[in-house]
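In the part that follows, the structures are each spelled out as structure tokens.
In the two assemblies presented below, chain A is common to both, partnered first by chain B and then by chain C.
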Partner chain A sequence: MKNLPSANPNYALQLATERRKNFTSWILTAPALLWLIFFFLVPYLIVIIYSFLTADIYDVKFEFTLDAYRQSFTPAYMHTFYLSFRLALLTTLLCLLLGFPVAYYIARAKDKVKNNLLIFIIIPFWTNLIIRIFSWRIFLAYNGVLNNLLLGLGLISKPLEIMRTDLAVILVMVYVYLPYMILPLYSVLEKLDWTLLNAAMDLGANEVKSFFRITLPLSKEGIFAGGLLVFIPALGSYLIPQLVGNQRSLYLGQVITYKVKNIPRNWPMASALSLTLLLIVALFLLLIYFLYRRGKFRKQV
Partner chain B sequence: MKHCSLGRFFKGMNLTVFTLVMVFLYIPILILIIFSFNDAKIITGWKGFTFKYYILLLENKTILEAFRNTMLIAGLSTLISTILGVLGALGLEYHKFNGRKLFSALIYVPLVIPDILMGVSLALLFNFTRVNTGMLTVLIAHITFCVSYTIIVIRSRLEGFDYSLVEAAMDLGAKPATIFWKIKFPLIMPGIIAAALLAFTLSIDDFIITFFTSGRGFDTLPIYVEGAIRRGTITTINSLSTIMIGLTLLLVVTTKRIRKIVISSL
Partner chain C sequence: MEEIRLECLSKDFDGFVAVENVSLSIQSGELFSFLGPSGCGKTTLLRMIAGFEIPSTGRILIGNTDITDLPPYKRQVNTIFQNYSLFPHMTVFDNVAFGLRIRKSPKNEITKRVREMLSLVKMEDQANKFPEQISGGQKQRVAIARALINQPKVLLLDEPLAALDLKLRQHMLIELMNIHDAVGITFIYVTHDQGEAMSISDRVAVMNYGNIIQEGPPDDIYERPNSVFSAYFIGETNLISGEVIGIEDDYVQIRCPDGAGSSFNIDSTFHIQPTLGQELTVSLRPEKIAISRNKPRYQDDINILRGVIEDILYLGSHTQYIVNVGALKIRVFSQHKRVYFDDTALDWEEPVWLFWHDTDSWLINEIPENVLTVDEISEGGINHYQRSIKRPAIK
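And now, the complex of A and B:
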């Protein structure tokens, strides 16, 4: 009888402790969990419901329709998706191209200098987003600082029209998201085993070769993390195209915002577009996840 | 020899890109600061030094109110999301309960989807439930996007936690409450401070989610600034921005000190 777990007083005690621990854990996590359920998950259910309703000028009518989805897949909205995708991709690539040398430079600097250099990256990162965008408006404006400078130097004969163009949007996007790329890249490069690089050089590999064969593959994690941190918010950005872009080429974030905020409102449309964006983000995350897994698997082999 | 020059080229390229990126990151901000002292209504050129717009700023009731709203929302959402974060992180770490993995996954979801989606979904929630948008709805929204960050930051601190300390204390007859306040709490304190700081910065910085959840008459600073840019009242925005950049610098410098103090006190 002694061997049966139920007759073992020790086991009963263990079970009781287990239950008590379980209960305590639940009680502790309950507030945060309930908060996220009520204010994060439930709102998405409402978005799903609204996407099947009929639009009204100020509100929605509770009549089932697929109109919102039908409209989302018309060429005009497909073009919006295409523009946003292109912008996000271009931003990510440019951030990687500029961010990698910077992260590399800081990671290879002397320990004392490193932290000071990092602060220079962190300050803009902590400065208010809208102020950073606004500063570019002053810089790029038709009668702004850049144009005055170039005119003064005689390099141009009439002011460049950069403000309110796609070029301005991409410039400010890169400016805003660059620290999000540099910081994860730096944290990977900082931990990189540089002796590997020296060994490769001793064996006769040149810098270019050892960079593509060693440094780049080993910093894959940082590239993925940075890519996520830049690409996903870039897909749904509103403020940057709104403040420095033009109204001829609208991006997804702007279209969704207008449908929610401007009269006549079209909440079903905003919902359908939001859900499509969510689906794209989910697919993108899955893709990154599989690429990452495959990389890890290869390393193990 | 070829080897050597190529290495130098690589190093030189990194330094060049680094310098160019620094110029790129700081030129617009520096110009903004300089022009906040410019005695001109528009930004065409330098018309002389003035403090005029700083004084105008302090006399502007709308800006002062927006500032007060920003601080109020940031303070309250930091407090509440940090408490939720401490409890959540402790609960997740304390015991491997059923559904723990699902909850962990749920925490990360808000971080990997665009902010605008949270804005839209909360706007529709408040419409559906017929809640009037204003201070309360903005506060709810800010807590919602902060809470994931606070749980993650505090939890990462708990992950490195040395449980042999707790066992030793238990062996010596310490009560659970004593163990918590004397051992666990001091050890996760830096995590709590870091989490609170992050929540505070996120809250002050947010535009888009606030834009979707605030009603007319409740402006935070980013909302006010966006409106002012659209209306074209630029000069006070320069001085307001300069003050906010100054506060950011102060925060970066002082938190470095706080971190040092916290680490050295352990």
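And now, the complex of A and C:
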């Protein structure tokens, strides 16, 4: 009987303390919560509502319709989705292929060198993205640094047309998103127990087999994390295709912007496309999550 | 099965000589230990046999095959790593099957052999668990199974018991011996723990500073150390230095200064050819000395010394006495057996007689560089002793 909470003379005090703790934590989270409600949730609700309205030249008519969604699933727009998907996937794969050796090398470097190398990965973030893209434009332009260099060396006779092609988009995309792949990969590779590779070699696996059977499976989490960090923003990227790409192959981000910006405007269409993209990303995340969970679950059996 | 030969093996890491000119041959089926303090080069030696380090000079042969330059995955040698290095993303079964899968053995054979191996190490019922779900001792067993399934010619064990607690260590030691007897493969065992090395090995090589100091069966090394280092590293001992003053047929007489201005004479059988006036060291194990307050009856081949008890340490199975003979501290282990004489009443500051048979000491043709003080002894003299040895010059 003595141990029952109600019989405890301190119980009332405990309750009061707990209540005060709860109150304090509410106060502390309130600013962030309010911020999210007003600047994230409410705008999203507006987007959702707009996606069900009828388009007008400048604005919307408040008449419910599913036209925007119907149009989203027409072949023309599906092609845009396909292009954006292909770009995001290609960017992710190239980032993985280029980023893995770099992350591996940094993770295996001596501690002193390691930090310096990491700084090199982070330095680009100190410069504004638009400025970096413009410097790529100068570099890749018809009369740009690259072409002048190659012409000067006599390797080509006529300037290459890289600017305003899909190749330029891929190049700059990989450049911009590479650090987002390297950093999570580095963090798992850094924790990898290298003696496991010794053990694998001891058991008869050569370098290639040890890599595919030990290093790669054990860096799965980093690949997932890096992949998501690259793939999701790449899917909706606007700035890079707009600044270095051409207008023949428009990506989703560009299409959405045009629907908002160009007259006649079609805000419901822009909203519907954004929400469809959101839905795809959400489904994609869920898929990854289940794949990951299944791996974990199997581990516990 | 073939023997392993190390020929003039050296390894230097940017001027630091880790292993220096080691030549050795290990019989097939033998359980051979490298024993030495940390940094003595024993692990480097093992890593060279495994293929993780390339020797600076010398050769490694298994039978008649030179494996010196073969990569680890082409050697018929497997290793048990100190932290076991089990693959965390694989089950116990998959860990053990790893070697066979790499060699692309047929599936049903893999299953059969893995089951056999797991039953050898008594882990059949844990096959589907992951390494993080099993205990240290079990990981150890899996590591053994994973290595032995490849039927190596040699199994290398790098401090395999260091991560286990005492009871488990003793248990696994016996288990390792049983597994060794069951598979008949050559085991090369590396440890800094002299107890492990002594109890498990057919032969032991004592190492220090990259050199093999002494090599032989455990009892040989314990009873007949060839150097001050061997005597001191294996077990405990009293080292008494002195000058040979008499050589008889079956013993020599040595005059030992007691550090307080006078000296005493002791007799010892000998195996080296001493000359009169030569300075050498007597190694006298503490358990070989009897201690009593009553003067023993004089006998021809018994050494008798008079001393005063300075310290008594009761250790359960035996008591350690530190006895001052002049300024010399002599350690004596005495077991508590009343059938001989009652020594339980010995007290601090009490004058006692120390006596031992002259065949119970061992002569070493070497003088310790500095005399150990009693503080150093009680703090684990070996560490202090090691510090006092000069490092071999770096080439």
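By our rule, the second predicted complex is superposed on the first by the 286 of 301 C-alpha atoms of A that agree within 3 Å, B and C clash if a C-alpha of one lies under 4 Å from a C-alpha of the other, contacts with A are read in each partner's own complex, and residues count from 1 in each chain.
By our rule, a residue touches a chain if its C-beta (ideal position, glycine included) is under 8 Å from a C-beta of that chain, and two chains touch if they have at least 3 such contacts.
This one's a predicted model, so the numbers in the text were calculated from it and none came from an experiment.
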*First (chain B), second (chain C), both or neither: which does A:263 touch?*
neither
*Is A:43 in contact with chain B, with chain C, with both, or with neither (first, second, both, neither)?*
first
*asked:* Contacts for A:206 in the overlay, against chain B (first) and chain C (second): which applies, first, second, both or neither?
replied: both
*Should A:153 be classified as contacting the first partner (chain B), the second (chain C), both, or neither?*
neither
*Figure out whether A:217 sits in contact with chain B (first) or chain C (second), or with both, or with neither.*
second
*Now for A:195: first (chain B), second (chain C), both, or neither, which partner does it touch?*
second
*Name the contact category of A:57: first (chain B only), second (chain C only), both, or neither.*
neither
*Find the residues of chain A that appear in the contact set with chain B and again in the contact set with chain C.*
201, 206
_Residue numbers of chain B touching chain A in their complex, please._
2-3, 6-7, 9-10, 13-15, 17-18, 21-22, 24-29, 31-32, 35, 42-45, 83-85, 87-88, 90-92, 94-95, 97-98, 100, 103, 106-107, 109-110, 112-118, 120-125, 127-128, 140-141, 143-144, 147-148, 151, 201, 204-205, 207-208, 211-212, 221-222, 225-226, 229, 234, 237-238, 241, 244-245, 248-249, 251-252, 256
*Inside the complex, what are the residues of chain A that reach chain B?*
21-22, 24-33, 35-36, 39-44, 46-47, 50, 59, 98-99, 101-102, 104-106, 108, 119-124, 126-132, 134-139, 141, 143-145, 148, 175, 178, 201, 206-208, 211, 228, 232-233, 235-239, 243, 253, 256-257, 260-261, 267, 270-271, 274, 277-278, 281, 285
*For the complex, which residues does chain C have touching chain A?*
50-52, 71-73, 77-79, 81, 83, 85-89, 98-99, 102-103, 128, 130, 146-147, 150
_Per the contact definition, I'd like the list of chain A residues that touch chain C in the complex._
193, 195-196, 198-206, 209, 213-214, 217-218, 299, 301
